[in-house]
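Common to both upcoming complexes is chain A, partnered first by chain B, then by chain C.
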Partner chain A sequence: MNYLNRHIRTTFILPSLIFVIAMMIVPILYTSYLSLHVWSGSARRAPEFVGLSNYERLFTRDPRFGDAVARTFIFTGVAVGAELLLGLGIALLINGKFLGHNVVKTLILLPMVATPVAIGMAWLLLYEPNIGALNALLRALSLPPQDFLGNSTTALLWLAVVDIWQWTPLMALILLAGLAALPEEPYEAARVDGASTWQRFTKLTLPLLFPTIIAATLLRSIDALKTFDIIYTMTRGGPGFATETINTYGYIQAFEYFQLGQASSLLIVFFTLILGVSLFFIRFRRRWGTAL
Partner chain B sequence: MSKRLVFKMFSLALAAAFALAALLPITSLTAQDNPLTAGVSNKFAGTELRLIFANHPWNNTIQRLIPDFEKASGMSLRIESYFEDQLSQKLQVGLTSGTSTADAFMFRPLQEGRLFAKNGWLFDLKAFAEAEKDWNWEDFQEAARGTVTFEGVVFGVPIVTERQVVYYRKDLFAAKGLSAPTTLEELEAAAKALNDPANGVFGIVMRGQRAAAVTQFSSFLYSFGADWTKEDGSSGLDTPEARAAYEFYGRLLREYGPQGTTNMSWPQAVAVLQQGKAAMWIDADSLFLNATDPTRSTVAAEIGFAPFPAGPAGARQYNITSWALGINELSENKEAAWEFVKWATSAPVVMALQKSGNPGPRISVWESPEGLSGFPTEYAEVAKLQSTRGVGYDRPRVISVGRARDIVGAPIVVAIEGGNLEAALKEAHEQFNAFLKEDR
Partner chain C sequence: MTTNYAVPVPHSALSVQAVQRRRRQALLSALRYAAIAVVLFIFLAPFLWMLLSSFKTQVDITNTRNILNFTPTLENYENVFQQYEFLRYLLNSFAVAALSTLFSLILGLPAAYAIARFRLQWLGVILLTARIVPGITFLIPWFIIFSRLGLIGTLVPLILSHMLVGLPFIAWIMISFYEELPIELEEAAKIDGATPIGAFLRVALPLSMPGVITSGIVAFIFSWNNFMFSLVLADDRTRTLPIAIFNFLTYASVDWGGLMAAAVVITLPVLIITLFVQRYIIRGLTAGATKG
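This part shows the complex of A and B:
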């Protein structure tokens, strides 16, 4: 007891310290270790050390990797961009009190609480080109039916649509919280000065909301970069490799090809990328968030 | 064991008993005079075996017979079932970490066999198989035995064999005065003649998903006179024959197939046939119940079967062992597990399974009229004809099959989409060669 009392500061942080070490530090170190080896996952065949050759292969001899990186960022850019615009629109629309505002706010959150795999399955049925609901609708409107996920050039965008459908509510929710926290006084002053609605939006709301926008974009971007469920359930990276992102490629390397070393090197690169994106946003916010 | 689980198992057992009662008119058979369990020993009575199966018709049928085995052997079996891809991953993760407690499992020898054998996950059954004279290893088709043997190790016992066939709509063919295609040229002509998208019927449907399509494309490749690899073991994708095969397969689906084939494996493809939206479906014959079972298919009564059509190099369809039973090297009940495997692959059980529509590996069963009685007549003729010919593999024979399938499957998608096939094949050829050098 005395020992604990004397070391009370370290004792209190110990549980979280153990958690961070066990659940984050150790896996990262183990993944780094594996990324320098070739291993097919057998307990009877030890990993074989190969130095940096897994990385060398990713950057010089593996066209799938470069394409997957590009696709990951395209997917994230399209999805998060659209989510931000739509989310901001929705947040402005349902901000404040109106009849049934609680019902509307609850309804709008529904896509977010559904399971991604179930969402993927449901959208797969909607997108089904021969008997799916979307093409039935297009035909009813005398529009040409679409191939949706069957077409290499557009499949990624149709996947982004699903992500947008699911995650716009989160964006709206965060921005709504940001809007609710804005001070009233500047708006009153602006009104007295005769500022138009548009001016109040661009000169007051946007700058005041900017830190929230950055935070929301950061959260969603990290999540969107990691998107796996809907891509894997809906296209498994296909047609061909047209919707393969870093995450699905890593999964395939690890659990279908059983190249655990190669998969680890890929994940380390991915980890570095996400870390980079996060640092960029955090810096960006620190430098510009308050100045604007 | 929780109450709910007990209740679930009880109701399962009850359902199985009813199904069994329907299957066997005489339910009062004792263990000794039940022909299905004649040779089963009860020296492992009390052992609980854990088995992992795929969701496959073979599994559905054997589950009805298992109570007999449990009664005769005194063992109890715990069975888990998964869709084939989940099964593969479940096994690999379990076996990798050494945590899998499964004693025996279903696996695909052509897909995972060499990897599992290389990693030492499969117990060598050679001694067991050769010691059991009554069970008769020699009665298994030679190709089937070859598929489960790698570097002298027998790593599994074949349970399901399959060949590629043409499923066609007899009514649609008759309406146009067409007969079943015997050559690939006739196949294309029929697909063209019957393709009527305006009325919601497409000429043909097949798999087009990158890796899934590889096996069904293989018969086309062989029939055009090409193969995955050349005799020296290097990639065979740069030959004009291979190119013609890719081009042909892609053209069929592009011109006469439904939309979205590039995302189709067999469940999606057969759904199009089941709904009466395709005139032909080319896939494994072991899946025939999906087409001919009236509870699943709206056109069940109209389905005809034809052997794989002849290409420039003849009719060289695949004829493979698609599933086998293996015993976990880490199992503590290897001998008890073998008792089960031996029973499940014994001649009377294979006969019962084949009569319920599961094409098996035993020569004696194929040769007896009783063994063909469970199939539609036309199917039985086609399957019997094709069981004696063809190529014993439907995908590249390598250790990392998944990787190889993704490489050789990529040009299929390009061909279906009508993209630059020449460039895609060139790239696939180079990658496949690089892969083959590494795949040791």
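This part shows the complex of A and C:
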């Protein structure tokens, strides 16, 4: 006990450190190792070393990978872009006092805490072409019914709609917290100078909110790039490969095809990509976040 | 009399303007409430549809003309619990979420405290990396290692893998909590004879209870909702609810009522927790984006 007290730093961080090394660092190293091998996971046949050929195949002979990368970015761009615009609108709408302010803030939390698989199921029923509520609504408005997830050109966008529904509230709440923390003096000065509501929004609110916007976009982009639950439960990457992203392709290659080496090389690329995007945002935020 | 009239004329002209302004403000406020109602409807409608469908027979679900004209039935819920062993999966989900949160707190709180007090930024960065790296990068090694150790089929791999989500999250929230905690209180305790560990347990920990509750609840929800890790690391008996529902879809894809009942069963606990502790959850989910 005395020893533990004298070395409190070690005592306090060692369990977490061992856990993170065992559960994160070792697996990443193991995945990197496997990415240089061909292996089906069999205990009888050891992994066979093939150098960088898994990576070479990924970039030169695997069109499914390139498509998955493009779809991952399209999905993220559409979803996060819409979430930012809608989230900003909702934040401005519910900013300030009104009757039922807290009730509204609580209720819009529900989509983002609800279990993604359950959300996927609920939206599958909404999107169902024959008995789904959305087509019933379209018919009632005399609009042509849609095939939603069955149509390979639009399926990815309808999946993005689910992501937008689920995560716009988070964007709104982060921006709402940002709005609440804005200083009041510039607004008083602007009012004295006779600035219009629109001018106050574009010249004051947006620039002052910019660091929060960047942080919220970063947070959402990292998670949107990694989206798995909604896509895998709703379409499994289909129809065909029309909604396959890096994450679902990696999963299918590893746990349905058991191409562990090939899958590992894909996952290492994915991992590097996510870290790269994060670092880019963090540096960007450091440069602009404090300047504005 | 005529001189008296001179005063009311400009006065009434003013009041016409004032009335107009008030009318415009009332209209704007009404528009604002209407917009808020529309926003709430959009975020809540899928839940209501899910709940409504879970009480419908297959025939009533198929009938999209009269969505509110049906006799509620509990048949779907009975099916879900009797035919698909949902109680077992419910208990698995609860055990995994509770234990992984508990262990994450036991490891994460001292680590967060040490990082805050001794400025161990490097460890903070490692924990943040765990939040950023795509979880699928670890899945192949985990699956192989846990299989070799004979642990697939127990709750151990599920608890450990969910901890890799919970622990970094808890530590991340608690670091800023402990940084804001005045160090004088702990120093006073040490002067009174407390050991460093005692100062943490009796002074810092009780004072940080709001943060512990916040991060604990969010970590519990993350684990409860987790799909990908459990999909690979659970077998027939250790399945958690999200996996059970997903399998339910693959072999009973037409039983929409049952599917929605299952979705309600998994979503309801999270929604109820959220309604009771919404303030904590907003803080937990938006943390990291609004400061730092």
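Just so we're on the same page, the second predicted complex is superposed on the first by the 275 of 292 C-alpha atoms of A that agree within 3 Å, B and C clash if a C-alpha of one lies under 4 Å from a C-alpha of the other, contacts with A are read in each partner's own complex, and residues count from 1 in each chain.
Quick note on the criterion: contacts are C-beta pairs under 8 Å (C-beta built on N, C-alpha and C of every residue); 3 or more make two chains touch, one makes a residue touch a chain.
Predicted model, so just to flag it, every value in this text is computed and none were measured.
Chemist: I'd like to know which partner A:Ile274 touches here: chain B for first, chain C for second, both or neither.
Modeler: Touch partner of A:Ile274: chain C, not chain B.
Chemist: Regarding the shared-chain residue A:Ala46, is it in contact with chain B (first), chain C (second), both, or neither?
Modeler: After superposing on A, A:Ala46 lies clear of both chain B and chain C.
Chemist: Once the shared chain is lined up, is A:Val192 touching chain B (first), chain C (second), both, or neither of them?
Modeler: Neither partner.
Chemist: Looking at A:Phe255, would you say it contacts chain B, chain C, both, or neither? Reply first, second, both or neither.
Modeler: Both chain B and chain C are touched by A:Phe255.
Chemist: May I ask you to decide whether A:Ser152 touches chain B, chain C, both, or neither, giving the answer as first, second, both or neither?
Modeler: first
Chemist: Of the partners chain B and chain C, which touch A:Gly238 in the superposed model: first, second, both, neither?
Modeler: So A:Gly238 only meets chain B here.
Chemist: State whether chain B or chain C is in contact with more residues of chain A in the superposed arrangement.
Modeler: After superposition, C is the partner touching more of chain A.
Chemist: Taking the superposition on A as described, I'd like to know which of chain B and chain C A:Ile131 touches: first, second, both or neither.
Modeler: A:Ile131 sits against chain B and chain C alike.
Chemist: Which partner chains sit in contact with A:Ile8 here, chain B, chain C, both or neither? Use first/second/both/neither.
Modeler: After superposing on A, A:Ile8 lies in contact with chain C but is clear of chain B.
Chemist: Do any residues of chain A touch both chain B and chain C, and if so, which are they?
Modeler: 41, 128, 130-131, 255
Chemist: Which residues of chain C touch chain A in their complex?
Modeler: So the residues of chain C in touch with chain A come to 29, 32-33, 35-36, 39-40, 42-44, 46-47, 49-50, 53, 61-62, 64, 67, 106-108, 110-111, 113-115, 118, 120, 123, 126-127, 129-130, 132-145, 160-161, 163-164, 167-168, 171, 195-197, 200, 221, 224-225, 227-228, 232, 241-242, 245-246, 249, 256, 259-260, 262-264, 266-267, 270-271, 273-275, 278, 281-282, 285-286, 288-290.
Chemist: Please name which positions on chain A make contact with chain B in the complex.
Modeler: 40-45, 61, 63, 128-131, 145, 147-152, 235-241, 252, 255-259
Chemist: Could you pull out which chain A residues touch chain C in their complex?
Modeler: 1, 4-5, 8-9, 11-13, 15-17, 19-20, 23-24, 26-28, 30-31, 34, 41, 90, 93-94, 98, 102, 104-119, 121-126, 128, 130-133, 135-136, 165, 169-170, 173-174, 177-178, 181, 212, 215-216, 218-219, 222, 225-226, 228-229, 232-233, 247, 250-251, 254-255, 260, 263-264, 267-268, 270-271, 274-275, 278
Chemist: Can you name the residues of chain B that touch chain A in the complex?
Modeler: Those in contact with chain A are residues 89, 92-93, 96-98, 115, 118-121, 200, 208-210, 258-263, 272, 275, 277, 400, 402-403, 406, 410, 413-414, 416-417, 419, 427, 434.
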